[in-house]
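Shared between the two complexes below is chain A, which has chain B as its partner in the first and chain C in the second.
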Partner chain A sequence: MAHSDIGSQLVNICSMLLLVTTFAIVSQRRLSACVDLFALQSVFLAVTAALVAFLTGIHHIYVAALLTIVIKAIIIPLILKRVIERLNVTRELVLNINIPASLLICGGLVILALSVTQPIKELGFLLTKDSLAISLAIILIGFFTMISRRKAVTQVVGFLVVENGIFLGATAAAYGMPLIVELGVFFDVLVAALIIGIFTHRLQDTFDSVDVSKLTGMKE
Partner chain B sequence: MNFNLFSLIHGNFLIILVLYGAGMIIPFFFPRQPRFQNLIAHGAAIAASTAGVVLGVLGLFADSPPVFYSLSTLPLLSIQFRLDTLSSFFILVISLSGVPVSLYATGYVREFEGRYPMGVLGSLYNAFLLSMILVIMADNGFLFLILWEVMSLVSYFLVVTEHEKAESRYAGFFYFVMTHVGTAFIMICFLLFYQENGSFNFEAFRSSGLVMPQAIQALVFLTALVGFGTKAGIVPLHVWLPYAHPAAPSHVSALMSGVMIKTAIYGLIRVYFDFLGGQFPWWWGFTILVVGAVSALLGVMYALMEHDLKSLLAYHSVENIGIILLGIGAGMIFQSYGLSHLAALGLLAGLYHTINHAMFKGLLFLGAGSLLYSTHTRNMEEYGGLVRHMPWTAFFFLIGAVSISGLPPGNGFVSEWLIFQSLFLSFQIPDLLMKIFLPIGAAMLALTGALAMACFAKAFGISFLAMPRSHHAKQAVEVSLVMRIGMGIMAAYCVILGLATMWIIPLLDRVITPFTHISIAEKVISGRGWTIEPMGVTFASVSTPLLALVIVFLILATLLLSLLLGGWLRKRFYKTWGCGLNLKPRNEYTSTGFSQPIRQVFSTIYRPTVKLETEMMAESRYFAKRMRFELTFQPVFQKYLYDPVVRFFLAVADRFRVIQAGSLHLYLSYIFLTLVALLLWTTL
Partner chain C sequence: MIESAVIQLLQAVVVLVVSPFVIGLIRKVKAWLQCRQGPVLLQPYYDLAKLFQKEVVASSSTSWIFTATPYILFSSTLTASLLVPTFLSQVPLNFAGDIITVVYLLALGTFFLMLAGLDAGSAFGGMGSSREAIVAALTEPAMILSIFAVGLTAGSTNLSTIVHKMALSHGIMSDPPPHLLALAALFIVTLAETGRVPVDNPATHLELTMIHEAMILEYSGRYLALIEWAAALKLLLFLTLLSNIFFPWGIATVMTPFGMAVGTGVWFLKVSGLAVLISLIESMFAKLRLFRITELLGVAFILSLLSLVFYYILRVQS
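On to the complex of A and B.
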């Protein structure tokens, strides 16, 4: 019992670290730092997944952890870095909502996530049950990032954070999805990152900016 | 069941998958050699269809339906195929047409060489055939829907092959919309089954179909009718057929019209007789009967007014689907009154007409394709005199025309005769209403048959006889040997299906026995095996081989008599007497002229508008210099059914445009706020 208690504590710590990185992303103004933070978050996610795999003995979660490292912590950050370099948009972000306000809203979202998952947590018996609230919080914050930021690259980061949150949720609530689904999701994320990368280039070509609010001009 | 037979069927299924797969993929490895791509793609289709024929035959004789590949990696979707006798029958229909059509295609697609990517065309063609076979075999509702969508999408891409023509794009779009409306209804139908016991497996559908509340059953009946009916082309959901079928390349039209719309008939029988166990109130069968009668009659009436040969054939598909539904509907009515022998007879007649229509309609579309290939036009008014340039095509087309008109010895005769019989036998129903209505159905079928004959007298006469009406028709040459062989095989099917009734009826009986729980083959086929007599020889009986013999005998006797009475044939070639005028192609009976009396009689239905502009000579107003004749029909269904629906949706869309401001952030906020609001709502 002690073994799984410690395990459960470790899983909780790791998922807390995920949440902390999410907040860091929200407070970060520099694009390349955002991408670095995302890579770090993915590493934490992989560690969490590996921990769950170790504690439960479900081996295919190891595969998912490995894929997380390869795709989310290495390949996608590289793609995004290249996009940033080529477009020369390293500087500042134009924010819809300023950073202190964003952080406050994110805090509210965490409280919402905790209160929503409370009844589920009471029924739960998995050693990862506490992570569910955190995963929901990460999903909401990621979503909020997509809304509050205007550069296409940050939107991608927001999208990927949402994805990380979903992955954490799946691991926490159900000890992972069937492997085929996870493979499909990884593929989807990779393709999405590629497509959005290309899309950002086109945006730059057409509008001389990667500000997505300029897209309004494409209506009609 | 016999293990050897199972492994044989299993192996056969794998061969089919591999062959069609090869036909889909290999052409892309040779992008520079269109001729080779053509041979590989259609060669694979021929081989796979041949294997499909074997699969269908084996499936008919399997004692219990083999099930294979219960792969399940996703919830609800299990990749599982099942080959019962009904599936075997439809696979037989698909594959039997697949062989000659693919053979024909090797010649026909020559026309597309260099203009369109041959690899894509060949690959899609194989995908189309494969998707139809898999749809028929799917044993899971989810899988069925996915494959159904694949089939619809692949056929959409085939319809828009000639995508540079606005007409093709419009046809494709129309088809695309209609088929998705249909799929939506099929989805609703399957979801109704699903909510009964939470599984999409057909096995579960079967058990839940029996215990459903009556209201849900009625809903299933209606959604299946609309959903599958859209694909089948029942009136008033038929509007896409006359656009989509002519736009597709002719070998594809042959498959779409002959085979693809039959997958809808399969779906209807599967849902009504299999899932719902053949237990239904009388009004179901009655509805099917009415839909069938209306489709048959309106289909043939609109066909009569067409000058585009392929549109004409497309309308005949509406008609024949109607005839098939008349048989099935009669069967369903009998089933409701517990007359299982007659129910089996009606269903058997419907299925017989299904395979017959696949063959003669396939043949006619191939014939129309040959005309298009040689003259580069689909307009009948520009044909004429083609019997001299294209004797083989003319001969095969004539066989198809005889068959579709329901004349012996063509195959259409047998199945229509059987449907007539099952409608006449309605006097055994204890309900007076049905006793009255079924014979009315028979009367409408009779009228349909007569109009179909008029229509094909027109189609054949205007296209092949008299003098060429255009430059194109004068220049026409007979099509290549493979195309003639393709049509020849189809024609042979028609004749065999018409003559070998005593062997075909027992096979069809095997198909329906699992659903009607009764075998009627021995009752229908008389002792010596040459005659079919649905209710014993006293009521009605017919023997197609003898009938064919009588026809041959009569023709020979007529010849002999004329020789005896009139002496040996004296041939004298002279111009047709034209009252002293020089007869020119302009003096010929036009397609419009031919159908004029019928247009007059049924003008309430056609609502024709005639515009006649006459330009008089300057010297006298009694001599016309030039006349312009324009004839348009009111598209009743488009005007009163489709246009209001489209207008409604456009108006609603206009209202909703306000929230579509075009800002990405706004859209994201919508989703986000909805999510947060819902989460808050659950916690409160």
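On to the complex of A and C.
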């Protein structure tokens, strides 16, 4: 009992670290720092997944953890870094919502996530009771990042944060999805990152800026 | 009774002796990271000894506040650090005040330092004071809330009780989600309150953006020595809070000589480890622009608030 107790607290610590890095992403203006923080978050996610795999004895979660490291912590950040280098945009200067206000809103989103998952968690026999709430909070904050930022690169980071939140929820609450689904999701995310990278380049070529609000000017 | 007094006196001596060392350690590690030899570890002691021998020069336009501030600052900081458990989890003086006392003893020192910065009437002092007011006002709620979050688990606002209960359970492992948020918040507060790099640069007297150094620019001689020593004590106090609230392993929970000796050693190692971490951060990050400091402290405030919310929603209702 004591063994699994410490194990579940370790999973809790790791999922909490994911939430803390999400807040760091929200408060960060520099695009490359956002990407670095996303890579760090993915490393924490991989550690969480590996811990869950170790504690439950389900081996295919190890594969998912390894894929998380390779794809989300190495390949996607490299792609995004190259995009940022070529675009010559280093920081987000115009925000839809300023940073202190978005931090407050994100705090509200966490409270929302906690109270929404409150009735559900009594029903399950989960390894960790808090991870579901934390993953929902990360998903909501990821959505919020996509709404509140204007640069295409930070929107991609927001999208990837949402993906990390979903993966955390799936691992911690449901002990992972079937391996084939996980492989599909990883491939999806990789392709999405590539496509959005190309899309960002086209945006830069057409408008000389990666501000997605410029796209509304496309309509006649 | 006499035993308690001896232990309390011992703690005062230990924090007074160790605090300049922590400053020296941070400088030394920073120098190593910049491929320099750096000053010797004992340099802060030599500096203090030198400053105590120098004569005091005070501007003729200053009032009694300028003279009184170094003593008020030093004594309030020393009193605050006597209330924080270092090597023994239950400080004999713990009846005298809880965490709120500690926070506001520090705030008293900061307040007089701000007044003294204004007192000399130089442009730099006024700038430093107004900036310090911003930082102090923003760190205070984050600091109080983050320690309250741990206090809720321990069921007390008394620091000795908190540290004692944390030491008997598993420290941060006893309830990680709120404690981790509180730890992150308190760490940011530590950097801001002690004037470390993302907020203030302690290594320069020549920048227009300086905060702490701008306020004490007019001080010299033994006054400056007292202020610098108080700053070192404050840094040590925050590092002690961080290490003993969240990682209380090794601290003596009963009054035995052997336990306290081990406690002192472990405490010294933990504080040194945190000092090395701070010097790593100082080498890796640039100082934030003044108007961005509110964003960093906003993060600290939100994290500490969330740690309280976590406790209430996830622990009390279930």
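Following the convention adopted for this analysis, the second predicted complex is superposed on the first by the 217 of 220 C-alpha atoms of A that agree within 3 Å, B and C clash if a C-alpha of one lies under 4 Å from a C-alpha of the other, contacts with A are read in each partner's own complex, and residues count from 1 in each chain.
As a convention for this text, contacts are C-beta pairs under 8 Å (C-beta built on N, C-alpha and C of every residue); 3 or more make two chains touch, one makes a residue touch a chain.
Keep in mind that what you see is a predicted model, and the values were worked out from it rather than measured.
Enquirer: Evaluate whether chain B and chain C can sit on chain A together after superposition, giving fit or clash.
Expert: Aligned on chain A, chain C fits beside chain B.
Enquirer: Check the residue A:205 against both partner chains and state whether it touches chain B (first), chain C (second), both, or neither.
Expert: neither
Enquirer: So, A:13: does it touch chain B (first), chain C (second), both, or neither?
Expert: So A:13 only meets chain C here.
Enquirer: Go through the superposed model and pick first if A:143 touches only chain B, second if only chain C, both, or neither.
Expert: A:143: touches chain B, not chain C.
Enquirer: Between chain B and chain C, whom does A:180 touch in the aligned arrangement: first, second, both, or neither?
Expert: It touches chain B, and chain C stays clear.
Enquirer: Mind working out whether A:111 is in touch with chain B, chain C, both or neither, as first, second, both or neither?
Expert: After superposition on chain A, A:111 lies in contact with chain C alone.
Enquirer: Rounded to whole Å, what minimum CA distance do you find between chain B and chain C in the overlaid structures?
Expert: Nearest C-alpha atoms of the two chains are 13 Å apart.
Enquirer: Per the definitions at the top, what is the overlap between the chain A residues touching chain B and those touching chain C?
Expert: In chain A, residues 115, 118 are touched by chain B and also by chain C.
Enquirer: Which residues, counting only chain B, touch chain A once they are in their complex?
Expert: Those residues of chain B that touch chain A are 73-74, 660-665, 668-669, 671-672, 675-676, 679-680, 682-683.
Enquirer: Quick check on the complex: what are the chain A residues that touch chain C?
Expert: 6, 9, 12-13, 15-17, 19-20, 23-24, 27, 99-100, 103-104, 106-107, 110-111, 114-115, 118, 121-122, 129-130, 133-134
Enquirer: Okay, in this complex, where on chain A does chain B touch?
Expert: Chain A residues touching chain B: 96, 109, 112-113, 115-116, 118, 140, 143-144, 146-147, 150, 155, 178, 180-181, 212-213, 215-219.
Enquirer: Which part of chain C faces chain A closely enough to touch in the complex?
Expert: Residues 172-173, 176-177, 180-181, 184, 294-296, 298-299, 302-303, 305-306, 309-310, 313-314, 317-318 of chain C touch chain A in their complex.
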